[in-house]
Amino acid sequence: MTLDLLQFSPEVAAARAAGTAIVALESTIITHGMPFPQNVEAARAVEAEIRAQGATPATIAVMGGRILIGLTDQQLDDLGQAKAVMKISRADIAACIARGAVGATTVAATMICARLAGIDVFATGGIGGVHRGAETSFDISADLPELGETAVTVIAAGAKAILDLPKTLEYLETKGVPVIAYGQDAFPAFWSRDSGLKAPLRMDTAAEIAAAQLMRTRLGLPGGQLVANPIPVESEIPRAEINPAIEQALAEAEAQGIAAKEVTPFLLQRIFELTEGRSLVSNIALVLNNARLGAAIAREIVKQRG
Amino acid sequence: MTLDLLQFSPEVAAARAAGTAIVALESTIITHGMPFPQNVEAARAVEAEIRAQGATPATIAVMGGRILIGLTDQQLDDLGQAKAVMKISRADIAACIARGAVGATTVAATMICARLAGIDVFATGGIGGVHRGAETSFDISADLPELGETAVTVIAAGAKAILDLPKTLEYLETKGVPVIAYGQDAFPAFWSRDSGLKAPLRMDTAAEIAAAQLMRTRLGLPGGQLVANPIPVESEIPRAEINPAIEQALAEAEAQGIAAKEVTPFLLQRIFELTEGRSLVSNIALVLNNARLGAAIAREIVKQRG
Amino acid sequence: MTLDLLQFSPEVAAARAAGTAIVALESTIITHGMPFPQNVEAARAVEAEIRAQGATPATIAVMGGRILIGLTDQQLDDLGQAKAVMKISRADIAACIARGAVGATTVAATMICARLAGIDVFATGGIGGVHRGAETSFDISADLPELGETAVTVIAAGAKAILDLPKTLEYLETKGVPVIAYGQDAFPAFWSRDSGLKAPLRMDTAAEIAAAQLMRTRLGLPGGQLVANPIPVESEIPRAEINPAIEQALAEAEAQGIAAKEVTPFLLQRIFELTEGRSLVSNIALVLNNARLGAAIAREIVKQRG
């Protein structure tokens, strides 16, 4: 009965029928990450990258009381220009569908929808985490427990350095979430390849990552994996360059009394300005990089599942 | 085999057979909230309100190695005068049943029992939350994770303002719990209609709340919803009046070295005294108000489920 | 298909076929707790104690892409001398199996494997907990949420007093984990019989503990129970003696800048030195004591299940 709620695009429906690799993509990056038409252009570029790597992209969003698994050109254009879009997570996805509203899926909601659609792999930019100051604010993203509950391998470039990364890693360890650095020992920090923290696990091939997810499923363990894929060298903003911008943005937020849900958008905008736009260029590069790895892992899962 | 553990009252058994709306009620309010006989009188008034709204009340408690779903007049009288009643939550409900003790169900335990009995809606006063000082005490009610795991819609007047409400809302967001203010934008604060905090979701009809719970179930998401129903205007103690009493009670608790599990009963007793009994009158009014809304939501769920 | 991953020793396979009592044991105590050959000697002594109490020991470890449920003499010797053994928890057990590495199971991982193997009871020394300083480090063992999710009764001598015990009890209460002191009211503190904290539940017989676990299962509640079994009087190091050693070790760790994962091994080594080896003698005594109680509970579960 859940399947009635899912509306597969023709492209995704064909991939499902053929049993070929599919990579889920989120939609808040489209509705809340960039202005139109850059958002739609970036989304199309990411989808094209996945196709080029032999997999099918499935951008996920909520519209008209259903969950779209894969957007048509028209739907992507509509979403890119939609107003008053709900940014949905585990807490509000049901309400959004029930009221027929337009919803853009965060990492947590995209994982839920991917799982419902039988998609094992989801490529994104960064995941939410434990916010700086969470020891007193208790502000922790719903993305973190979701990784412990929903069986989807999420490829991200780590978590943004505006978060508290040591606490984010501790939280994931407590929840039993595998955190896998790809091709290096260090946990990457979104714009930078190295956060200065060691990742709990390291894997160097898509095959190994796929095997670990399949083994987790065989063990009957719920939950997915976080693959922390470092941004390509040529696109990174090294820690020594990005950290001063982050510190300055944080100081300004505090000085100006920016609080609660306004903090993250404020910080990202200020980092964009302070890096003269490099942070956005890096952001697009890392999403493309994650899409490539996501396609490779999705193909491996299809192959290993046999 | 679980059903053997449930003992339905004749009234609830009849409602189940007829497929009509049922609203669960907890029993700690009876055993730990008020003295006899006011506790039994209040419980009967709440049950009567649910019947007047076209639904069947099911007060839940543990006795004689079984879970009572609906109490007879005699059982309610007995419970209202029982001594040494365990106040049970998720952690100790099994032990209480196994040892044949009398147990009064908190929000978490009532949710568990309601779910076992197939009851979708539960009306109460306030829920437990993140305690003030939890950043160092780690004192967080088991009611909060329960809302993320057990599929029951809980109607409460928010959480008591003696708790840390901003942290409580953050915790619920992290756990993916829908928090729905009924008929207003603000999250209510038990005795007051407005906590000063915005609720994540707002719904204005029982039908919308019922639809959201049914959609959550269709999505295969575990967990329920918290409906935060503001106390009626005529019964509220506005923030400007109740907050000084809360602050004074907190200061006295600290000065007198009241700690751990003694804090909440001490605060409630002092607030009762400082408001010259108004806090208890408000408490009964808001439970009746929640019972009314619970009945309406329960009827909507029956109707929509078809 | 999960069962393919399990390799039962001949002794455990026989017990399963006969339907007799089995007690799971962890393996990090072997690989990370003591040097060879004392580790293997201690492990054999614990196994012998379980056999003497009429149950079958099942020491659990990961080797060769499978989960060993019960080790042969040869496998135990090999594990006792193995190098570069992964210390596995929920987050990395799947990766360890998938890559064919050798893994020693912590409390969380042993619970997962015991559950897969249909073993209800697991005896260990102490469980992980909330670390001191967790209010800023967020360092909380994955053992704690595991107790809320995986249906295994764990017998431990409480949690080590190097942890933050009040926070550990609060965390377990929030997660709905039954914490049962055996034969006394106080929650024990590993080397000492009394932590100064009251346990939420007290049970005086193996039969009562077995009945509570079976009731929890009947209720459909996931998760196990923590049985906190005080160290025998003759082996305990009373609080007044052990606490100064703990305080000194903590102070030295801070002075020397010991951080993160190095803290616990450093503290245990210093406490070993400061107590002139008594802490290790106590440790072995309490594990044997837990093995005895574990066997009694396992036999009761077999009996009550009928």
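The chains carry the letters A, B and C, assigned in the order they are written, with residues numbered from 1 in each.
Methods note: contacts are C-beta pairs under 8 Å (C-beta built on N, C-alpha and C of every residue); 3 or more make two chains touch, one makes a residue touch a chain.
Computed from a prediction, not measured in an experiment: that's the story for all the values here.
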Where chain B and chain C overlap in contact partners, by chain label: A
Superposing rotation of chain A relative to chain C, computed on C-alpha atoms, to nearest 5°: 120
Distance from the mean Cα position of chain B to that of chain A, given in whole angstrom: 36
Sites on chain C at which at least two other chains make contact: 135
Residues of chain C that touch chain A when the two form their complex: 1-2, 5, 89-95, 97-99, 108, 112, 116, 135-142, 144-146
Partner chain C, residues of chain A touching it in the complex: 130, 134-135, 166-167, 170-180, 200-201, 203, 208, 211-216, 218-221
